[in-house]
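The following pair of complexes shares a single chain, chain A, combined with chain B in the former and chain C in the latter.
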Partner chain A sequence: MNKKIFLNETDIPREWYNIQADLPTPVPPPLHPGTGQPITPDMLAPIFPMNLIEQEISQERWIKIPHEVLEKLYMWRPSPLYRATNLEKFLDTPARIYYKNEGVSPPGSHKPNTAIPQVYYNKIFGIKRISTETGAGQWGSALSFACNQFDLEAKVYMVRVSYNQKPYRRVMMETWGAKCVPSPSPETSAGKKFFEENPEHPGSLGIAISEAVEDAVTSKDTRYALGSVLNHVLMHQTIIGLEAQKQMAMINKYPNVIIGCCGGGSNFPGLSFPYVRDKIYGRDLQVIACEPTSCPTMTKGPYVYDFGDTAKTTPLLPMHSLGSGFIPAGIHAGGLRYHGMAPLVSRCITDGLIEARAFNQLETFAAGLTWARTEGFIPAPETNHAIASVIEEAKRAKEEGKEKVILFNWSGHGIIDLAAYDAYLAGKLTDYEMPSEEIERLVCDLKRC
Partner chain B sequence: MNKKIFLNETDIPREWYNIQADLPTPVPPPLHPGTGQPITPDMLAPIFPMNLIEQEISQERWIKIPHEVLEKLYMWRPSPLYRATNLEKFLDTPARIYYKNEGVSPPGSHKPNTAIPQVYYNKIFGIKRISTETGAGQWGSALSFACNQFDLEAKVYMVRVSYNQKPYRRVMMETWGAKCVPSPSPETSAGKKFFEENPEHPGSLGIAISEAVEDAVTSKDTRYALGSVLNHVLMHQTIIGLEAQKQMAMINKYPNVIIGCCGGGSNFPGLSFPYVRDKIYGRDLQVIACEPTSCPTMTKGPYVYDFGDTAKTTPLLPMHSLGSGFIPAGIHAGGLRYHGMAPLVSRCITDGLIEARAFNQLETFAAGLTWARTEGFIPAPETNHAIASVIEEAKRAKEEGKEKVILFNWSGHGIIDLAAYDAYLAGKLTDYEMPSEEIERLVCDLKRC
Partner chain C sequence: MEIYCLQLGMLTKFDYCVSMNEGLPCRNLIGCWRDRTDVVAFLNKTLTEDELRKTFSGLPKSKIDRIVDIIKSLKKED
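Here is the complex of A and B:
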């Protein structure tokens, strides 16, 4: 019985999987907020390079991964598939728990799976510089890493409160040669008005997105990049699930349950979509997306057209949302603090292909600590949501006396988030479950009732 | 051409290599400082369990790795062998650069390779609790991880200045359930006198060792553990080189040059000793140990009998040393700030099997930055010394027009050391080369001239 299953580089998937080709119900198009009409590719051209816009709207099932992208992915891919034998023993469960370890990339998460191809497509389109925003810093560091690999400039607008709280993420970006500034910054007109009001303004993801988009559309040879939500981002991440399918086949296993944490949508659809395809064609399979109770987008948010950003500058997207004005509580799982959800994930939820579960902050850290003390590796606070669900399912398997196969995505390590573990161990963390009356009010606003 | 070579768990080495069986000149015995006579195993019994003392003095060439140890090592071993293709291209060198990535372990370095077996042998000897000291925190976190895996208590005395500067290391230890206190502490008589003098005393490795040893000899069912210098520690690390030999054989390569950084001696002999054996039996091979110019133990220190600790509580060891009273400058490569050198490494140097090179702090960080911007992974400050030497050798290969095969040990990642990169990028780091008159004075003291 091996602890981990490696896949050779020669066996890496050569194509990404595009779930749009198989969805029982197509995803409704993004709408222009002014006209209410579907947006056209050319409307996105000042923001993204056309080759990525084509991927965004493609209905092709398989899209070839360019050789130049594979060469870079080999720096850490294929990622190992692990069996969590120590956790199984600790829980005394008949379940077999497998996980993809996405913490092995240079920035420590799954994010470079899409940062590398995005930068590559920008480069061959002639773009010299990419702007983006980052909250907790995982996406900003992945994009910085990718830009460095392809010799493009990177400019990252980092929400000021995170910039001050997580200096290591900023240093990581700078180590890879990126320029990272706290947002709101005086460098864009979107940032300037907040900055001049208060130079220590804590910022928000909404403001940072506005700054990064403005930078892209006003600077020479510059485009914007996003680390979740969009169709092409989710597609790039499917390499996780495609690898997992090969690795599970090597040990003659097929999962009964697939689990991942889900903020805007990237690592979870990355692992699950190739399996959701099997489910669409009749495979009996449970697919669980995990989120925080403090930001219960999938479990409480209605399926509506809403803006992707707080500043209401993006097209309207069909998705589960708590409203673009919603500011989630300051939990440590910064990557799960998003008011909306990727349209493709949202569609799968409404179609019953994926179910969602919400977890409190304290139970996720308890799960993360159990993990660190059994499997050794210290997980990211986001990943702890998946682990909480895995433990729940493994206990259920024990109650039911079933030898279930659970597969989940270990989306990243928590070495830069140790301050959060410190607070948890010191008893200083709290839960932030949203009161039901607040949820009702948000839902009512969204449905215009 | 693969970027990385994996070894299956079934192909992991089953025995450690003990270089004592092959050394052309045996290592002189440790001496009792009072009597000047060789120390006997029973004198060490209050400090170490007898099974580890037996390993320390064993002359057997191969020592079987227990099944229970292998089961734990599988959590991250066999570690991948990488080819640094991006660095080769950047340097435009005909050299082929390979490296073992030891940053993949849960604590992020090679240290658990010996922490796991040491805790295992303590456990089967009936020990319930282990005390140790840590400077920068790599060893303390590896021992905490290992104690957690075998369900033993861990108590770590961490040099106060590091305890305050590197809170993440402390949190890592606590996440794995260890107790970590700043040293000097009021909890031992060795620490108490310094603590009462000044509760904010910055501490030193010497004081911390004294505290940990006192804790071990005065507490119930407790022993002490050390992360470098001793023969059994070096032997446990040879799994790195034994794996590398198998992986290099898979691609039909044999190195011309072996490189590693070396503080007290653990990762460097771990990679190199299985190859040094080949050299002893006639193989033409260059083996380079790298150290900081601020602590030039191997390049400037004489080969003498000296104490292993600053507090002069250990037996006298035959080694290269700058004197047990020497306090190196506060460079960021904390793991290389040791006044002495493992007796086995020292012997190999005096016998001409290993050569030593010293590097300035700034050139090591320049090398580390080049690495991060080519190979992606951010190296530990200690590892940067090896990388500086690799770059030097790769450039030499280019000058000579030789397709040399260079193999080195990437001993750990630098994610918890990002503050050091921040200082480097901001131009705030300096070199600390030792003035030659200071070295002369130290050497003179040691040789009693």
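Here is the complex of A and C:
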């Protein structure tokens, strides 16, 4: 029995898979909530090159991966498929657990699978410089790496609070030659108004997006890049699942369960979409997308202010409390049903091809620790959501006495997120009530009393 | 008191979460902090009805909505 299953470079997939060609019901273009009008390609043209916009709307099932892109992907691809034998033993489960290790890329996550092609398509479109924002730093570092590979400039607006707390991400970006600035910065109109109010303004992802987009729109030869949500981003990631299919075939296995963590949607569809295709055409298969309970986009819904409650006894209600069939006004039944999630993932949930599960923060860190202490690799905190689900499924297999084959995406390592593990190990993330004096202080701060 | 914020990939304090949106709370505040404190009561005590509406009414904008809005507003400025 092999612990690792390698695919030769010569067997790397030569095409990306576009699930739009196989979906039972097509995904309508997203509607702009302000105007109710579809968001059209020309609206995106100021920030994305046309060759990527064409991919975004393509209905072709297979899109050829350019040779120049493959040459860069060979640096770490095909990524190894592992069998998590130590975890299996620890759980004493009859389940067979396999995972794609996407932590082997130079930036340590799956993100360069799309950063590399996005930068390539920008380059052949004549673009010299790419701007983006980053919160956690995974995307910013992947884009910096990709721009370095194709000799393009990268400008990354990193939320200041993260810039200050996570210097190693910034160092990664700068090592690859990118310019990383704390946001809000004085370099854009969007950043300047906050920066001038307070040069130490902690920033937010919203401000950083505004800065990066403004940079792309107002600078010559510059475009913007996004690492999740968009159709072409998900398609670039399908190389993960396409490789996995070949590797699983090498050991004559086919998974019963596919698992991945899903924030905005990129690594999860990357592994799962080639398998979802099999499911569309009749394969019996369970596909699980995992998310945090704190932001239950797929399993529940966002928190909204309940206008109807005039008594104001419970003015804030989660949308899901209004019933699973509730669809708020202005939201069509297609892509935006699961707001904030990639429309293609949302469609697959609506069509019953994918199921969603939520895990709370503590159980995900506990799962990450179990993983690190059995399989050795320290996972990124996002990846821990998938591991929590894998453990749950492996335990279920034991209860049912079934030899299930579980395949999941180990989307990245957590070596640059050790502060989070440190806080967890020190008990700082455990659930405890906020002291009343702390609440009073915050009330006072907010009311400026 | 801190939580791990998946958006920022780092530990964040309650102070940041309640004020990061131009002085108003993060949209995910309730989900992230509900296990630690009665965050709904806290919000009702600290925010006006207008502020609550501004923060939580309707659906949060998706990334693409936000981007299209930014492009439109930049075009208007031109």
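The rule is short, and it goes like this: the second predicted complex is superposed on the first by the 387 of 449 C-alpha atoms of A that agree within 3 Å, B and C clash if a C-alpha of one lies under 4 Å from a C-alpha of the other, contacts with A are read in each partner's own complex, and residues count from 1 in each chain.
Just so it is clear, contacts are C-beta pairs under 8 Å (C-beta built on N, C-alpha and C of every residue); 3 or more make two chains touch, one makes a residue touch a chain.
Remember, predicted model here, so these are calculated numbers, not experimental data.
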Worksheet item: Which partner does A:106 contact after superposing on A: first (chain B), second (chain C), both, neither?
Response: first
Practice prompt. Would you check which partner chain A:175 touches, where first means chain B only, second means chain C only, and both and neither mean what they say?
Written response: first
Worksheet item: Looking at chain A, which partner touches more of its residues: chain C or chain B?
Response: C
Discussion item. By the touch definition at the top of the document, which applies to A:369: first (chain B), second (chain C), both, or neither?
Written reply: first
Practice prompt. Name the contact category of A:257: first (chain B only), second (chain C only), both, or neither.
Written response: neither
Discussion item. A:8 in the overlay: touching chain B, chain C, both, or neither? Say first, second, both or neither.
Written reply: first
Discussion item. Taking the superposition on A as described, I'd like to know which of chain B and chain C A:81 touches: first, second, both or neither.
Written reply: neither
Practice prompt. Tell me which partner A:419 touches in the superposition: chain B (first), chain C (second), both or neither.
Written response: both
Fill in: Residues of chain A contacting chain B in one complex and chain C in the other
419
Worksheet, complete the sentence: Seen from chain B, its contact residues with chain A in the complex are 2-4, 6, 8-10, 74-76, 104, 106, 108, 145, 148-149, 167-168, 171-172, 174-177, 369, 372-373, 375-378, 415-416, 418-419, 421-422, 425
Discussion item. Applying the document's contact rule, which stretches of chain C touch chain A when the two form their complex?
Written reply: 1-4, 6-12, 14-16, 18-21, 26-28, 30-32, 35-37, 40, 42-47, 49, 52-53, 55-71, 74-75, 77
Worksheet item: Which part of chain A faces chain C closely enough to touch in the complex?
Response: 30, 32-34, 39, 43-44, 46-47, 135-138, 159, 161-162, 165-166, 189-190, 202-206, 209-210, 213-214, 217-218, 224, 226, 228-230, 263-264, 292-296, 302-305, 307, 312, 314-316, 318-319, 328, 330-331, 336, 339-340, 360-361, 365, 381-382, 417, 419-420, 423-424, 428-429, 431-434, 438-439, 442-443, 445-447
